[in-house]
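First the structure, then my questions, so here it is.
Labels run A, B, C and D following the written order; every chain starts at residue 1.
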Amino acid sequence: MAIEAGQETQGGGRIRLGMVGGGEGAFIGGVHRMAARLDGQFELVAGALSSDPERAKASAAALGLAPDRSYGSFAEMAKREARLKDGIEAVAIVTPNHMHYPAAREFLKRGIHVICDKPLTSTMADAKKLAGLAQTSGALFVLTHNYTGYPMIRQAREMIAAGELGTIRLVQAEYPQDWLTERLEASGQKQADWRTDPQRSGAGGCVGDIGTHAYNLACFVSGLELEELSAELTTFVEGRRLDDNVQVMMRFRGGARGMLWASQVAPGNENGLRLRIYGEKGGLEWEQEQPNHLWFTPFGEPKRLITRGGAGAGAAAGRVTRVPAGHPEGYLEGFATIYQEAAHAIRAARAGKPSGPEVLYPGISEGLAGMAFIDACVRSSRANGRWIAL
Amino acid sequence: MAIEAGQETQGGGRIRLGMVGGGEGAFIGGVHRMAARLDGQFELVAGALSSDPERAKASAAALGLAPDRSYGSFAEMAKREARLKDGIEAVAIVTPNHMHYPAAREFLKRGIHVICDKPLTSTMADAKKLAGLAQTSGALFVLTHNYTGYPMIRQAREMIAAGELGTIRLVQAEYPQDWLTERLEASGQKQADWRTDPQRSGAGGCVGDIGTHAYNLACFVSGLELEELSAELTTFVEGRRLDDNVQVMMRFRGGARGMLWASQVAPGNENGLRLRIYGEKGGLEWEQEQPNHLWFTPFGEPKRLITRGGAGAGAAAGRVTRVPAGHPEGYLEGFATIYQEAAHAIRAARAGKPSGPEVLYPGISEGLAGMAFIDACVRSSRANGRWIAL
Amino acid sequence: MAIEAGQETQGGGRIRLGMVGGGEGAFIGGVHRMAARLDGQFELVAGALSSDPERAKASAAALGLAPDRSYGSFAEMAKREARLKDGIEAVAIVTPNHMHYPAAREFLKRGIHVICDKPLTSTMADAKKLAGLAQTSGALFVLTHNYTGYPMIRQAREMIAAGELGTIRLVQAEYPQDWLTERLEASGQKQADWRTDPQRSGAGGCVGDIGTHAYNLACFVSGLELEELSAELTTFVEGRRLDDNVQVMMRFRGGARGMLWASQVAPGNENGLRLRIYGEKGGLEWEQEQPNHLWFTPFGEPKRLITRGGAGAGAAAGRVTRVPAGHPEGYLEGFATIYQEAAHAIRAARAGKPSGPEVLYPGISEGLAGMAFIDACVRSSRANGRWIAL
Amino acid sequence: MAIEAGQETQGGGRIRLGMVGGGEGAFIGGVHRMAARLDGQFELVAGALSSDPERAKASAAALGLAPDRSYGSFAEMAKREARLKDGIEAVAIVTPNHMHYPAAREFLKRGIHVICDKPLTSTMADAKKLAGLAQTSGALFVLTHNYTGYPMIRQAREMIAAGELGTIRLVQAEYPQDWLTERLEASGQKQADWRTDPQRSGAGGCVGDIGTHAYNLACFVSGLELEELSAELTTFVEGRRLDDNVQVMMRFRGGARGMLWASQVAPGNENGLRLRIYGEKGGLEWEQEQPNHLWFTPFGEPKRLITRGGAGAGAAAGRVTRVPAGHPEGYLEGFATIYQEAAHAIRAARAGKPSGPEVLYPGISEGLAGMAFIDACVRSSRANGRWIAL
């Protein structure tokens, strides 16, 4: 069963989607909806869009949901939609982290597919329970580590898997931002508020919010597994309750080494996610803010710029490419690719078949890996940088 | 009536859309559909997707159109949809240029809004007839000069209008590509085939296909009007019937000068649309392949990089911005902004109101200007570069 | 006789150099001296550094010249040095343009080699007389079109000569600056003063000062000859007596086309000399402000970045490279290469031999070509852009 | 006593310079000579250019040294030159690291100024002895941490000292190269040979060769002092005897944090020295391969590009700037600035005066700091990354 980004609605019509969270004022909910719409594979038909009933209702109306499918709670939505003849087949969970587990549980146990924002949960205990549920449920679990959907990330992964870099030696990952340079949470700004709150975010601040993205991407592209890490988490802004800067040294199985830097207090950086991987034969360099470009540096030859859709881009990138080279695709397209692959898998599931090997969306195991990374960073940092095995 | 990109379906539900052209194998049809879906404002419900009946039917089925709303011709579609209670309110015309006029005519005269690909038509005569129709029809006419939808283009336009560059002196526009470096049309490649065919494309090849984009953008951003031009059109590839390289010198009303270069035979260039505008007090520089960045160069001060969503971006860019700074928006988002603004205007029209001044989609006058530009370039070039007044 | 940049003093000791112009407050004189010193091939021993006797004396003292070799005029210097046993072997002429001819004459006719700043002269008549003199004199004439000394420019030239781009179709040259955005000459600033004065600069302002550099470089690299041009010279700043913006359309022998833009009123541009050349098989792109990089764009393959000293750089670049890849060489090194090649030729001349074919400094014919370019631009612009044959 | 790059020979004539090492086939010797010549402040008059007598003699002849001032050993040179009336005033030591101390000792104890390549020595014991000598000798000791001579590095240092970034939080330094990706030393390549040999290089390979440069620059610019570090040194290439990759986590006095990565096995990197420093109010970013640019990122404002010689560049950069903005200065110019400042200090010493506070060349204390850094990295790495205080 082939897959192709930009492929539009197929037999059986659009997939009926619900959403938990994402009411007015939220950021990531709108992103999920745009991503779900772009390729025409999903139709949003139900929502528990806010824990505030008024806001939930208003948000549902603005989105054109039928009033009787705007719910006051995810539990209510799960229960009723599961009984409807045309109830939702999948749900997007876009709440703060601490709600991922309780929400996902209600849908998974009723066989409704879950598309969940990262990190997996706010605690390791929740993560393990969720993993257990996901394994026994017949439903799919998709984790939106969205950067894996960028075509040139697929290209990089394919090149490394094909041995074009030789044995990997070095993985340098970074994700600097600047939006928490000052104590924004003190202003009540919604995003800053929950992301710096241990109750809702978990034990990791910057490390959970963006460090996991960089870590996930490093593993996704390199194909390596982290063996142990030494971390230094810092909170620079006075009064902040979670880390806002993350430094990690990494030892991968097989001998590769790496460093990871994530920060939310580096002025001038917006979403500076960057990955550089070097092997015995060559290297690859990629930056999220110029995602259509991939530098390939074969040792002893001039550097080559591989572009999305251009000469040198292979099948893996091609499958998730929507427009020709030189017309930039961005964040929403990459995000939509996760939805596109989820749709593909859901249609395969409808037919009782597995999806093909080219479907690469992150799932529960990537979620657990991310939680283990956060946990190890927190423990290493508390132990003055002691190496922690994963 | 405020407008905001990313704003999702509003009162009255999605706008019912038809499409002419855009069947399997086409390029721009899929782009229009993604753009129409992104913000959830449109629902594709009918199509005359191909002049080949088999392909039309197959394409419609793949897109999930009801069989009775897949038509064999645009004329049939216009006639029947106009009579349906829930017939289409708008149509996207995504055919080769020579079909723009006959197709648009059928819909405009029935009061169905038209969203049409550029250039306006294949001949000046058609352009004038279409303009006449558009002025008398109650329906809206939207021309997808999509690059005007990029947020940083809106930013640049706003800054110039506010006088931040002082009186404009120079407009340097360019749009190099490389896809026609060899005689691709000889291979039967669909895009190359019609774009190099005077019958379907019109008298301009490269100048009509991308020269008009650069010209449109230069005028949109600078606010200037072209007074006269001197052009050199060249066909480098043997056997090609239209120009594949365009050089233009430009004199604008008020004394500004400019140059425009468009090429389809410049190896290494994908969609290198670039605009540089300089005034007495400062300059602006922008490149389509890095559309989230705008350089502002106030004379005597360090250059500043204004980013989409970042500090320094104003209201005009903000209205058409979907995701925060550092998460790149690209071609589809810019294209979708034209659809978003069309939707806004259509909803205003439903309510019998004009859309607000912040709605900036190109229309019939920009279409006529583009046709005049093509015509003047062709005439000047034939007259050995004689200056031609516009 | 091999040549290599960075090669230091050879048999016979340093070449004794004099200088005309370049006293305190001048710009280009100091550049020539640094260039002459870098490789240790020259020793400045005499000067007529200023027409102002006090300034001449003070400048000579600051440079450590013997008092009796600081002259009040170039004529006096030429006469006396020619008679000295250890008199100068070469002279650098770094005055405003109108003095190039009278100064060069005095030295050439006495068999003293001349290294002269560009453009050749301030009038075509002077240029022709100088060319006549240079042809009959036994002395060498070197014109410091210094950009030809950049290693990646040599690389580009070599690649084109070797056919790596196929037949050349397009030459896009530009050289924007911003330093004359306002009427700087009104402030008495020395550089602005003479460069905007027709008496000292000649009939071309911007076209003579930097347009000729861009033109020289385009021909040097492409190997093409200009057949005819159509130009538009503009003076944007009120009260200025010469052009400050230059637009040129170019037709080369053999069918290639090109455009050239030079400006001194483009805010944010420092020395934005840029060359892009495209052929049937590929292209090359280079920018003076990042001179160690050369983009090579073979059609249908990923772009490659060739770096000075890196893989992919060939013999022509290697000969003029001083330090390894990644340690940037700049303007002075490129300039010094002209001096290095002049030294090489002078040493060959001492031995009564011609210098080898790898010595590529510009000379009298490049000087005449530059003067013809200025003249044609001025005439074409006055004739409303009429095509002028060269 | 003011200083200015590009300032040429002053009263008292050129400074007489000797050189130890730097014979044919060496790399850094030629660099020192070009740097010494550029501003006309030095004259190379003596040398012990090689431990191989034949090569020493041939090299001296090629450089035009008088035969009786080409020595077979540095000891002989020091002894004899000290007795000559016009003997050398300063000596450049450009040997492998293990010879720095024995050579410097001979000159310092005779009051001859020393300009020495980095790192200071090959062992900590030698470093301490050298420091003792330098403190008691009346002669100056200059260490060529040449990157401190780049104008935009001076600019960055000045801005931080002036508080434009507020309290510094983060220092991210890196210096990737690729030239030792394969086992180049096995080929006998001279540079690779001694740099990977513990006897000649010292206990640090990559960390000593380039890690110290990055560390030196980080401290020079930030004004911070390192408190403790945790390091991981790796040798990727089989058979190599010293580290070829360096990862360091850094804690600075006052609470700033940092990371440092240096590598000689990162394909595609030439001399990728890069420094990013962030404070409470803004950040600065600089890359050695584009040294004329400095990004300034005040929090909450658009990024600004400060260029060498351009608007926004201050007095500290101006003092070491030779040519106007847009004409790139590179590695040799930065290196020459160390020589220029050494000359300034030597002339001041001639006059019995101290040099002014604007003379910033690195000296013995920077040398000791570098040795302590190498030592701490080696010890931390051997102790599995234990934090080591400096």
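Here is the rule we go by: a contact is a pair of C-beta atoms (placed from the backbone, for glycine too) under 8 Å apart; a residue touches a chain by one contact, two chains touch by 3 or more.
The model shown is predicted, which means the values in this text are computed figures rather than measured ones.
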item	value
Recurring contact interface, reference A-D, options A-B, B-C or A-C [over half identical by residue number]	B-C
Interface residue overlap between copies chain C and chain D, same or different (over half shared)	same
Centre distance in Å when chain B and chain D are each reduced to the mean of their C-alpha atoms	55
Chain C and chain D: spacing of chain centres that average the CA atoms, whole Å	34
Centroid spacing, where centroids are CA-atom means, of chain B and chain C in whole angstrom	44
Contacts with 2+ other chains: residues of chain B	269, 303, 307, 310
Chain D partner contacts - residues on chain C that touch it in the complex	6, 8-10, 13-14, 27, 30-31, 33-34, 37-40, 62-64, 177, 269-272, 288-292, 307, 309-310, 322-333
Residue numbers on chain D that touch chain A, as the complex places them	169-170, 172, 178, 181-182, 230, 232, 234, 236, 245, 247, 249, 251, 257, 259, 261, 263, 265-269, 276, 278-283, 285, 295, 297-299, 303, 384-385, 387
Residue numbers on chain D that touch chain B, as the complex places them	296, 300-307, 310-312
